[in-house]
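Note that the chains take the letters A, B, C and D in the order they are written out, and that residue 1 is the start of every chain.
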Amino acid sequence: MAEIQLKALAHSYIANPVGPDDYAIRQLDHIWHKGGAYALLGPSGCGKSTMLNIISGLVQPSEGEVLFDGKRVNELSPRDRNIAQVFQFPVIYDSMTVYENLAFPLKNNKVPAAKIKARVQEIAEVLEIEDKLHKKAKNLTADEKQKVSMGRGLVREDVSAILFDEPLTVIDPQLKWKLRRKLKQIHEQFDITMVYVTHDQLEASTFADKIAVMYDGQIVQFGSPTELFEAPNHTFVGYFIGSPGMNIVEVERCSGGVRFGSIVLPLEAWQLELLERIKSRNVKVGIRPEFIEISPVVSDETYAAEVLDIEDLGTYKIVTTQLGGQEMKVRQNEEFDATIGARIDLLFPKQWLLLYVDEFLVQEKQP
Amino acid sequence: MSLTLENLSRTVDGIDYVRDANLTFEAGSFNVLLGRTLAGKTSMMRLMAGLDKPTEGRVLHRGEDVTGQSVQRRNISMIYQQFINYPTLTVYENIASPLRLAKMAKSEIDRRVKETASMLQIEPLLKRYPLELSGGQQQRTAMARALVKDATLVLFDEPLVNLDYKLREELRAELRELFRERQCIAVYATTEANEALALGGTTTLLHEGRVVQTGPVMDVYRAPTNTLAAQLFSEPPMNMIRGRVTSTEVTFDEYSHHALTQELEKLTPGDYWFGIRPSHISLVPTNDDDLEMSMEVALSEISGSETFMHVENSHFEMVMQLMGVHQYHTGAPVKVYLPVNKLFVFDSSEQLVHTPSRVSGGAL
Amino acid sequence: MNKIPDNRAWWLVLPVFLLVAFSALIPLMTVVNYSVQDIFGPGQAYYVGTEWFKEVLADERLRDSLVRQFVFSGFVLLIQIPLGIGVALMMPRSGIKGSLCLILIAIPLLIPWNVVGTIWQIFARGDIGLFGWGINQLGIDYNYTGDTLDAWLTVLLMDVWHWTPLVALLCYSGLRAIPEAFYQAAEIDRASKWAVFRYIQLPRLKSVLIIAVLLRFMDSFMIYIEPFVLTGGGPGSSTTFLSQTLTTMAIGQFDLGRAAAFSLIYFLIVLLISWLFFTAITHADKEK
Amino acid sequence: MRQTRSKNIGITIYILLLLTPVYWLLNMSFKTSREILGGLTLWPQNFTFDNYVVIFTDPSWYNGYLNSMAYVSINVVITLLVALPAAYAFSRYKFLGDKHLFFWLLSNRMAPPAVFLLPFFQLYSSIGLFDTHIAVALAHCLFNVPLAVWILEGFMKGVPREYDEMAYIDGYSFPRFFIKVFLPMIRSGIGVTAFFAFMFSWVELLLARTLTAVDAQPIGAIMTRTIGASGIDWGVLAAAGVLTIIPGLLVIWFVRNHVAKGFALGRV
């Protein structure tokens, strides 16, 4: 198992990049600790697959270093970095049986036959494909093929990391659930560093302990699913994580807080003091639909909003309200009922009302 | 101005793609075909469009039988899964092509193309070629071409499946908006239950070419006619537990015994299937007549705002969907509570006999 | 790609059917007509049934050239298929270098067949040809117009030079269709070069190799111009192949009956072999 | 697969060996016949264009090229016009006997021309087409049309049927869709097919020679006739040979990016 470190890494597909836009991956430092289950999450084109290929050695970074357990591996090819990769479309050797597919990497490493047999049998049982070992690999279903291509990594005891490049793309929706669960069980059982690339937040958060959210070639936040949900470090993370995403409103400074339309939001002392120091005009406030409360009674902390639309999604409802010229989405449970145009009083719990300056979250010193 | 399918079937080389479908869609309605892969969604849509001929049954458009009519003469449009645009034409020409073929005046074409393009936020891309654009923009071009000609029937064949998770969310919201006032009939095929819920309108559940249930989305969701409909329309699948009702008690899987509550008394004794949605099971009793069960945690999947907890005991296993983060080690014992008022009950032939009372505000 | 059953498609296929029928069926009918008659002159011919066929099968000269033809086609396949695969494996996969390689290698295919004969006629001569002169400098007396073995080797070398590029380019297009992910997976599995060839490249070359073997066997089976220009079929009749025997019979000696019978047998052999390959190709397509 | 050094060396050697005989033809074409017979020289000592001048001035030589170009171009046009709709039918539809028809076409591609020499001669003479460009163009369809159908069908299979359906839904009629939408989408396929039709028609000699006498004699026939004549003028013959390679090189350059797929008869 290896600890994977990226030092001052950057990558551009153009010979001599000039501005930040020429970079597929902008300058960053990052560490994937040994044995962790990580996800690389972001929209298509944010550079996540490029990052994965840099770790696996299929792409040489134009700048910076890739370190495995502290050793520089830039010059090493994938075969010497001891990694395994599961691709978007199942890559299996059609002319071989499942057993031969799984034994292939071991045979190439000159592992004694007895050891190969035992190892392949063990991995096949873990992947629940032991009954298909002697079938031709090309007759398997898509999810079984992905299991085989993953098995080729697991059989090797010396594998330093397993990389997944959106492995569930071709899998039927109702099977995705089972394969995701299988990946999680395998991670707990083998304790191998795993990096999983996807654009689907549900897949990322159910698989990974820590998620790196990538946006425009940068890792804008690296945290647990809960941190990403409760304290999105960048407005993009707030928008991207959660369905629907965080309500984000542009505000102006005013005495005692911030203002949008006719609505004034009081802020904590440290937030006001901070706003004094930072001069930037790009100030935004964000709160998740899950954290806005509808209070039955009017008080000085509630804000009157008008109900625009109610989306009934079975287990919960999404209420779209109009407040100070801005749309606010509020998540309510099944029983919520209101007529369109009705007036409801919203309550913004202080700890969930987040302040963003220049798109980044401002937090108190201590935490 | 409705579309009717009259005992429509299509069998090719012995395989029944569509079996005896009877459906009617009204003008101005948004209809979702929900079913697993190979459930017959695409085959049914192709029959509606006239791309395929049915082996039996009729397709009626505004009451008129159009079964034999060729696609060219029908006023329909279709959006495919793989962003189908004419690669050799610019985005502008792509959107304009149906209007040009309808020999519309040049100025009229220009106005309508620009209007539709801005509606789908691709006006700046009108001069570009489709293959230069991102997946989302290509699909928007295809949608613009479908909407510009004001077809009476617009068919979507899982159009968002190749797009990013977040982009799918946005396009779904836009689709809802676009079709709110239109008078045409929209038919949208998908494999995802939450897409059917998000898009609203009516939902038709399909399984192996057969219509399982059809109706307004909330009626189908809240009152699935049988266990299959209940399974098809929930993600993760609804928990199903076998149970026997006697005059005094209900026993689940010959294992846990519970007194009959006011809700369940109405049931005549016998074998039943009890369905409970993962989101309705809680770790804490919510009302006094909750059914309490002691289980073990098999696996807990945290997804930021929610936790999917798989719990099991020697007899059956269940999935729970809890708000917030709940960290449990595998094998940890846990007590779960099933609110009786949230139970679905299906008889031994899997037909629905009882729906949760309080949820849908009053009796079925 | 499931196809729609629709017989109206015949309208689209009709032009091809008529055109190819005009230049294939009508001549074939005349050949069949000749093969069952003895023609003295215009208007004087009478039915002889299968007499010509019996004679032709017994004919020493024809049986020799048929054997010669099979041996030649056999050698052609043995040399050109492996060599073609080897060349394809060495070609750069893509980019400008790839296209340049492709064009240079394709040059022999662009040369009219008689010019190929002429080139080798000059190239292999001891006095004015670099190849002939070179061999003689090495002390081997080499004269393709005089010695049967030299003639055979030269004809074979010419054909290898002329047609190996076709096999190479066929394999090259087969290799180009292999997705990059397969090579990446092999790299990660630490596969040796041989393992990459055996398990990734070869299985994927199957359908293309079938086509290569089909084309090469068929084209070599009906070779005529090149050896005719190079050695005129000599020395003696050591390099006289089927097509040449047939043409001399039909046009040279105007021996219509036997030539027609022999043509039909020749064509049936071709038909049988191409049917075998056709089922192999459609089978390989279905599997893929 | 990375392009290792050993592969580069290997491919360079092969190409050098492959081009040496062509170089020798080129070398010969710039020599006077006296120098040719005088002895072996690697490089023309006294460079001369005389051979080429002979060809460009003597009508009996350059007419050969014109005739060849004429019937080859006619053949390419006929082949494409006929093969495009047929390939579309094969790629889109299942119809009665489609398998047998496809096999029959294949067998014609494999038909030994020698078998058809005499019947062709009589057929074309009987309809008064002997010694015309059309005759050779039609005769070459025997093997070019099946090949064209094969290659085009392979390219057409690459275009999903959804494009056809979408066009019909938009209101295109079949002919308009075929010309305005479908053909532009397989431009590269048409280019490659044209190249192959050109190549196989340009290199063929047997049928071309049998069906022509004077007016439509291709260059190949003229070259083989001079062999029979008294002393062979190798220089002129070499020059004529070099000039027959130029057209092929030009055409392949235009289709270089897609020609690989064509070689596999679209099967890849």
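Details
We take it that contacts are C-beta pairs under 8 Å (C-beta built on N, C-alpha and C of every residue); 3 or more make two chains touch, one makes a residue touch a chain.
Every value quoted in this text rests on a predicted model; they were computed, and no experiment measured them.
Comparing the chain pairs A-C and C-D, the larger number of C-beta pairs in contact belongs to C-D. For the pair chain A and chain C, the distance between C-alpha centroids works out to 58 Å.
Chain centres here are Cα averages; for chain B and chain D they lie 56 Å apart. Chain C and chain D have CA centres that are 16 Å apart. Shared interface positions of chain A, defined as residues touching 2 or more other chains, are absent.
Within chain D, contacts with two or more other chains are made by residues 160.
Contacts between chains close into a ring here, every chain touching precisely two others.
Across the assembly, chains come into contact as A-B, A-C, B-D, C-D. Every residue of chain D that touches chain C in the complex is listed here, in rising order: 1, 3, 7-8, 10-11, 14-15, 18-22, 24-25, 28, 36-37, 40, 42, 78, 81-83, 85-86, 88-96, 98-99, 101, 103-108, 110-120, 122-123, 138-139, 141-142, 145-146, 149, 157, 160-161, 199, 202-206, 210, 219-220, 223-224, 227, 234, 237-238, 240-241, 244-245, 247-249, 252-253, 256-257, 259-265, 267-268. Of all residues in chain D, those touching chain B in their complex are 160, 162-163, 165-173, 181, 184-185.
Interface of chain A with chain B (complex): residues 43-45, 172-174, 177, 180-181, 184-185, 188, 199-202, 205-206, 225-226, 228-229, 239-245, 288, 290, 311-316, 334-335. Residues 179, 181-182, 184-185, 187-192, 195, 199-200, 202-203 of chain C touch chain A in their complex.
By the touch rule above, chain C contacts chain D in their complex via residues 1, 3-10, 12-13, 15-17, 19-20, 22-24, 26-28, 30-31, 34, 86-87, 89-93, 97, 99, 101-115, 118-120, 122-123, 127-131, 133, 161, 165-166, 169-170, 172-174, 176-177, 183, 196, 207-208, 211, 214, 218, 221-222, 224-225, 229, 242-244, 246-247, 250-251, 256, 259, 263, 266-267, 270-271, 273-275, 278, 281-282, 285.
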